[in-house]
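First chain A sits with chain B, and in the next complex the same chain sits with chain C.
Then we have the complex of A and B:
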């Protein structure tokens, strides 16, 4: 995967957290990986298609998900309720949407986010994709972003 | 969600199973649902975007996933290996891709499939989406398909 496609996601995560949640974020790590076991409790996934095709997977620590929901709706939920699902779907959508805006040449469109709840699962990309995983630390807790994006020519030929 | 968008997925699932796996399929149920807890062990998700936006979630019984992989690669895996992940990603991609071809007016593009492994998880759509869940029975085992698709005008206004 083209590493140029990574910075837009880092910048987007930092700016969405600051703008939407008033929360500072720093990136703590990055690695190329074959598969991905979210360490966290709630994960948003959103598909991208256009001149490149792929997915963005963002996994949030439970406490971060609750605090982010509180920042948006004014009340802290006690469990991973529908409000939390919507918050995670919306943050996933905004982080991918902002990043997309910095990669106009790819003419990306977003699908709808889906949200996975539960610790005992792994999320895998097709074996031909080598996603890049980014680890982040914020004032509200930890999250990570995995981006797997292939330029469409590769998809058609591959 | 427009129910006209459901038949293409049913027809596509029947034809992909027959063509790729030599396996007969019948649909056993359909319901509109707010969220979706896959009863099964391995689930493919793929995003769609264009004049409508959404996701297709296909959850497979473990034994079906193993038999489908055997039908494609000639050897039955003993666990949910990389070959099984790729088989489920590819079946998800083909079922969504075939259905897309019957809905040309929506000008849909597919994202890449991701595959979730693990029983203790639920997959949720944003609360504004009312997906339709379809249950299927095949010679190789059970699976279900959930389709959540919104016409893009609704997404922009909503």
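Then we have the complex of A and C:
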């Protein structure tokens, strides 16, 4: 995968956390991987299509998910409720959407986000995609972002 | 004077954020819609002073909502609140008849300022 596609996601995550949650974020690592095994408790997935296609997978620590929900709606949930699932879907949507705006040349379109709850799940990217995994720490807890984008071989015209 | 606002977003959390901003701007009547089709059905049932809509929603998109409301001849102010920040998307929304545009992420004050523009003091 083209490494140039990674910076927009890092910048977007920092911006979304600062503006929506009032929370500082620092990237702590990056690596190329074969498949994705979320380390954390709740995961948002969103598809991108256009001159490149693929997925963005963002996995959040439970406490971060609860604190982020509290920051957005003003009350802290006690479990991974519908509000928490909505929060993770919306943060995933914003991080991917804000990053895509920085890559206008790819003419990307966003799918609707999906949220998976539970630690023991694995998400596999298509075999041709070598996703890049980014690890972050924030004032509210840990999360990671995996981006697997492949440039399209051809684009429909007309 | 009573102000009635329609808020369309498939995210319950985002609707809560917008409802809070609208209430702080003095809006006293709020109707929520969970997608574009729901928004259009509710728009047909009663008059509104302001509409806030997301772009990416199931069933009908926010862009469809704007086009259909303008197609009915309504000039109600419509604010698009969306992650779709590319110039091409903003232009599409302007061509469809959007009144204002706010890109996510945003500061709470930015959302309140957009609502305040269309809510009489």
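As a working rule, the second predicted complex is superposed on the first by the 153 of 158 C-alpha atoms of A that agree within 3 Å, B and C clash if a C-alpha of one lies under 4 Å from a C-alpha of the other, contacts with A are read in each partner's own complex, and residues count from 1 in each chain.
Criterion: a contact is a pair of C-beta atoms (placed from the backbone, for glycine too) under 8 Å apart; a residue touches a chain by one contact, two chains touch by 3 or more.
Because the structure is predicted, anything quoted here is derived from the model rather than measured.
More residues of chain A are touched by B (comparison of chain B with chain C). Contacts of A:30 after superposition on the shared chain: neither chain B nor chain C is touched. After overlaying the two complexes on the shared chain, residue contacts for A:104 are found with chain C alone; chain B is out of touch. By the document's definition of touching, of the two partners only chain B reaches A:148; chain C does not.
Of the two partner chains placed by superposition, A:135 touches none, neither chain B nor chain C.
After overlaying the two complexes on the shared chain, residue contacts for A:50 are found with chain B alone; chain C is out of touch. In the overlay built on the shared chain, the residue A:72 is in contact with chain C alone; chain B does not reach it. In the superposed pair of complexes, A:117 makes contact with chain B only, with no contact to chain C. Within the superposed three-chain model, A:86 lies in touch with chain B and with chain C [touch as defined at top].
Touching of chain A by both chain B and chain C, each in its own complex, is seen for residues 82, 86, 89-90, 110, 112.
Those residues of chain A that touch chain C in the complex are listed here as 15-16, 19-20, 69, 72-74, 82-83, 86-87, 89-90, 93-94, 96-98, 100-101, 104, 110, 112. Residues of chain C that touch chain A in their complex: 10-14, 16-17, 20, 56-58, 82-88, 103-107. Residues 35, 45-50, 53-55, 57, 82, 85-86, 89-90, 109-127, 129, 148, 150, 155 of chain B are the ones that touch chain A when the two sit in their complex.
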